[in-house]
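Should a chain be cited, it is by its letter among A, B, C and D, assigned in written order, with residues numbered from 1 in that chain.
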Amino acid sequence: MTATIEKPTAQAEAGRSARSLVDTVFRAREISIAGALVLLVLFTWIAEPRFLNDQGVKDLLLNAAILVLLAVGQSVVVVTRNIDLSVGSVVGLSAFACGKFVSGTDHGPLLVALLGIAVGMACGLVSGALVSFGKVPALVVTLGMLYIIQGIDYWWAEGEQINAADVPQSVLDLGSGSVLGIPYLPLISFAVLAVTAYFLRSYRSGRELYAIGSSPEAARLAGVPIRRRVLGAYVFSGAVAGFAGSLWLARFGTVVADNAHGWELTVVSAVVVGGVAIVGGVGTVWGAALGALLLTTIGSALSVLKVDSFWEDAISGALLLAAISVDRIVNVRMTRALRKRSAR
Amino acid sequence: MSPLRGALRWDTAVGVLLVAVFVTGLGTTDGFASRDNLAFAFNDIAEVALMALPMTLLVVAGQVDLSVASMLGLSSALTGQLWDSGWAFETIVPVVLLVGVAGGLLNGWLVTKVGLPSLAVTIGTLALYRGLASVVLGSNAITDFPETYAKWAVDTTTIPGTFITYPMALFIVLAVVAAVVLHATGLGRSLFAIGAQEDAAYFAGIRVKRIKLLLFVVTGLVSAFAGVVFTLRYGSARADNGQGFEMLVIASVLLGGIDFDGGKGTLFGAVAGVLLIGILKNLLTLNDVANEVQVIVTGLLLVASVLTPRLISTVSEWRHRRAAATPSG
Amino acid sequence: MSQADSTGVPVLALKGVNKSFGAVRALRDVSLELFPGEAHALAGENGAGKSTLIKTLAGVHRPDAGQVLLDGEPVVFHGPADARDVGIAVIYQEPTLFPDLSIAENIFMGRQPRRALGRIDHKAVRSATAALMGRLGVALDPDRPARGLSIADQQIVEIAKALSFDARVLIMDEPTAALTGSETARLFSVVEALRAEGAAVLFISHRLEEIFRLCQRVTTLRDGRWVASEPLAGLTEDDLVRRMVGRDLDELYPKQDTRVGETALSVHRLTREGVFRDVSFEVRRGEIVALAGLVGAGRTEVAQAVFGVDRADAGEVRVAGTPLRPGSPNAAMAAGLALVPEDRRQRGLVMEMSIERNIGLTGLDRISGGGLVKRALERGRATDWATRLQLKYGRLSDHVGVLSGGNQQKVVLAKWLATDPAVLIVDEPTRGIDVGTKAEVHRLLSSLAAEGLAVLMISSDLPEVLGMADRVLVMHEGRMVAEIPRAEATEESVMAAATGRTGKGRAAA
Amino acid sequence: GGTTKKDSSDNGGDVKATDAKANPDAPLKKGLKLAFLPKQINNPYEKIVDDAGIEAAGEFGGKGKEVGPSDASASSQVSYINTLIQQRQDAILIAANDPNAVCGPLKQAMKKDIKVVAYDSDTAKECRQLFINQASSEEIGRSQVQHIAEQLDYKGEIAILSATQNATNQNTWIEFMKDELKKPKYKNMKLVKTAYGDDDDQKSFQETQGLLKAYPNLKGIISPTTVGIAAAARYISDSSYKGKVVINGLGTPNQMRKYVKDNTVEQFSLWDPKKLGYLGSYAAAALASGQITGAEGEKFKAGKLGEYTIGKDGEVILGPPTVFNKDNIDDFDF
């Protein structure tokens, strides 16, 4: 959106040292976000040591798990120069569908997860088909889908609430259980994250997603099956959101129709903070996951630091702005330094 | 073919749809046509409509401001807090508008000087301004605004003999101004150029950054003013006023056929989009259509807004190709 | 001399192809045959339909009528992938790279060598790219992202991409437009080698000497119609031009003698770290000064810094004696500067805007009255310049994007000439422009100079530089290395300076 | 100069339509149209109330319906009031998101002889004829503190987990809680923080987390909102704080059953939301039929609930809340 006029001028013939510097610049995003995260955690920990006790670490990971998952799904779409604003609604619908499905039964977690994924995939399929085959702007379509899915969810729920008491214990255990002290949820998110990252890096279809986002026209001429890939990205994002919905049920036990209402902007900001360019083609799911972790950690840190709740929003907004500004400024500085260095 | 294509442009279609919905309402729904109801229906969307105007210009220039509703909330909270601490209303309004300008400057500065994408920046300021609103006012709700001013904002006061309320009248005036700026001035041309191809606009000597900054400032200003209108209209200043309006504003603008990638759209379309959402909501509510169904209708309209023109052009292309394939004399 | 046997079955052919875009009939009943081991040239003016023909062969466009034949059998390509899969490699007129991806990925997208489990073999991708670069004799780092490559380097990546296919048919749409002599020579030797291996080649260029150098046959198009297909042996350049234009061509490089006036533009010790250093020169009224150099010498960057789109780190620019506020294109325009940028698609034009609005964009205050844009003035300005530059268009309200490459270039020129500048900087002004129009543009530049305009012309086209310039400035690796007066400017002297072997001419201060 | 708050201490007129005479013997009219306007449709608690109210309307031959926004914001209720006026309902029953924002339109409604009854969360007094209070606000507020104090032996730090920062009923109760805490017998107890979960399950959950981490010595949490208490209980039940931190507040038995049984929560309280809706429905009908006008001291019959008397400021109190614990929770289903 901001095609900056000041362009990165790296000399083609620049030698090895400059090249590794280039690498650093391009990886700076992940590094600076990780740095910010570490600083934040350290600072909070010094102020309140209980922040990092067993329960504290567990809470941090648990809080981030679902957002990380959604950010991973969203990045895959954003990388193709599209966006999926319907994720919040999909999580809501899937969580409610799963809740309705298990309530009063003893269905196991596997079945619930499958149902959630199926619901999410269905939603992703519709959005994806509209975007890829209808060739219509993703933002409008998925904003429309946000409303449509939400409406369906409300209409179906009719104000009903699924309570933890109705949910089978095996499902709830998925949300609260752990192995070796690490809760399942973050482990699941990490697994999805790692697999997605590897796929995006090492498979043709993964690289093609970046190609589409970087230049749709060039992708078309290179024979990339754009429609199929974009559709795939949406189905994946939908499936991940649906899966997140079933995990939501497992974690919180209580579901109503408007779970995750308004999360789309949080997810998008996690992705953007994590360095995935909103215009596509750039960024990694690792970055997006770090972005999500940073956002949830800011929230947790503020409440641990006893910040007046009236200040919480303002501070997290300011921190978000600071994070992306500092990152951008560092990046610009480094590019400029690089240009001047290569003068010699 | 070209006049046909003109008639099938989406913004025209939204206009036609608006009239159709209106006429249907007159014919089928008791109480819809009453002056009270029309005045109310229009006034009910006054703030969203006001904010949609600068938003249209922003989106045409390829930018977006998601912080408008938060600015509305901050302005409302500030109005309440200052009023409560005994300030004169005549002093409060300029101060609040200045805060709107400052908020717009911050958005614009981060976008133009720091070089961040506007979507990211304004997601941040969305949280920041809303947060400041709750810092200012906490959980208080301030009421008792002066009747001398409040009466101009409510739907029971209309321009005599019409159903046009004063916020609506203001909207009409500003809409005309915005339409002229966008479609008939050099600035408007520049906005389209910036939205379509920023580099080319910059190389053509257009002051891209300055114009963007200006747009954000105007958006902040109008949002702050919308906050004052909102506060007076409901007679209640609270930190969460107008929460979630940003999506409504964006939805209206998009519904009017403004291309989110920038460089395309008409102000007429945006206005028609806003009014359509407002009228439709009123009509459906009057007919006891449940809220969830209204939500679905909004979504379907949005999808239709982009899908329909697409379908039309596909069909006409197809027909054209068939015509071209058969040898002509 | 060619081992092609024109009586055999063509690998790829078009038969009776029609293609229209709305009201524009880009191709009418066009046929073409490509034989193995033969280089075939496609000639025609701007907008004749050459690129459209190529896109039809490449599966980008589907013909409205007529057939594409592969090995004599009719085929239907549903997309570029289909054409690619049967061994057709295409270099399009406008480079189409993925700016965010590395050069290596750009070349092998969708075709990366794979390891077990279908995983990409990143190492193999990189080494294959390095090999290709070696073959083309350029030192581009395979891991470097494509963003920020100069147009020439982008073109080289495109060429490498096409070569990587080991294709049966290699189609090149003006691959040399942005290249200088040495790269072109290198490219030609690679193409020769491919041809010797039996590949069919289709080549488009507006530089006729290149056509004669590389090709054996030529097909000429005029206004979308097929004119002739014939062997090049026995043809002269004039014959070819007559086929293309339908008349004899006027004098090439119509340089008028002018009286050189006072200094219009003076650049003093301009520096942008890492790009160019300590560049000083002057351009006087009535003078055409050429800025020559190898690709990547920094000429474009100098022009952009002078015009203020880039900020110089040091130095000063004066227009008519008054220092220019740095970093402000707006101030530059006010002072009477105009810059026709090199990259017309990104920087020269707003592709989605109409022709008239693009031309009006540089003079919004001139076409406005009382704050409002006067449509009549806007249209008048556009009509005037479209006529003067012989622009080929449907309606002035059409998007610039639908014009042919050369006609787009004319719109960029129109847009800047309409500002009535005192100093005109043109960066590759005739890139992709056909011979007829090129002469037109040259005549225009000449007569404008005669009227007292100062022209700084950046060009990689050496004949153009020698034919048009009163003085030639030469840059080498970011430094001004020579200033050669017209009388002493020869191909050798300029090239010597450009490659750093400063012999003739006097070294710049 | 200028217009300041002092100049306009008395704004608007009092439009309360109490000029009409009440006729205690008037029969309930048939075919009355009652509209319930909850804080937000989709709020399970409000849904129970409204459904009960609609059912009650059926009992006396009226017709009830529920309309409302899907977000609990102050402004979104207003457009519904307007349409209800256009539809000429006989009475509007509203659980106000904001006591003042809905005032203007409600006054208009009353001018058009539509009766206005607030329930659950009050509007400004002059904007409705009756307020059906689930229990006296004072009693709710004070009893919350009394209950938790007993559980904690009058010692230790406590916190409150409320709904949104602006919820009227919540804020009124919290005022009374703070007042109660001033009494000397609570001198060893300390209210350390009021957190806001926005009646959002997930937010409440995280706020609970935050409270426990920020205040290591926290001994108890009062959550006077059904969403909040369930979320808090759920967090505690899975964490190491189980058995160490006391949760009390207002919740529904169905939501809390699991946590009472697994000993996370010992007790909590609530009135019967069905009765609240039922009473609201009858009160609205009595108003619309002219049995009462909303003046203090008037009496009306609320079907099977028996007779109620209108108190000060048009308030009708449902009755004391029920305290739920292990022994009685299985007797309730809502």
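To be clear about the criterion, a residue touches a chain if its C-beta (ideal position, glycine included) is under 8 Å from a C-beta of that chain, and two chains touch if they have at least 3 such contacts.
Since the model is a prediction, treat every value here as computed from it, not as a measurement.
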Chain at maximum distance from subunit A, centres defined as averaged CA atoms: C
Leader among chain pairs (count of C-beta contacts): A-B
Subunit A and subunit D, separation of their C-alpha mean positions in angstrom: 37
Mean-CA-position distance for subunit B and subunit A (Å): 29
Chain centre separation (subunit A, subunit C; CA means) in Å: 42
Junction residues of subunit C, two or more chains touched: 309
Residue list for subunit B, restricted to those that touch at least two other chains: 134, 138-139, 199, 202, 244, 290-292, 295
Residue list for subunit A, restricted to those that touch at least two other chains: 5, 154, 277, 310
Complete list of chain pairs which touch one another: A-B, A-C, A-D, B-C, B-D
List of subunit D residues in touch with subunit A within their complex: 41-44, 46-47, 70, 165, 193-196, 200-202, 205-207, 209-211, 213-216, 230-231, 234, 238-241, 254-255, 257-259
Subunit B-touching residues of subunit D, taken from the complex the two chains share: 1-9, 11-12, 41, 65, 67-71, 73-75, 78-80, 82-83, 85-88, 98-101, 103-104, 108, 124, 164-166, 171, 196
Residue ranges of subunit A touching subunit D (in the complex, touch as defined): 48, 50-51, 54-56, 59, 63, 154, 157-161, 163-165, 175-176, 252-261, 299-300, 302-306, 309-310
Partner subunit D, residues of subunit B touching it in the complex: 30-32, 34, 36-37, 40, 44, 83-84, 86-91, 134, 138-139, 141, 143-150, 154-156, 230, 234-236, 238-244, 281-282, 285-286, 288, 290-292, 295
Footprint of subunit A on subunit B - complex, ascending: 62-63, 66, 110-111, 114-121, 123-132, 134-135, 138-139, 198-199, 202, 208, 244, 247, 250-251, 254, 259-261, 290-303, 305-307, 310
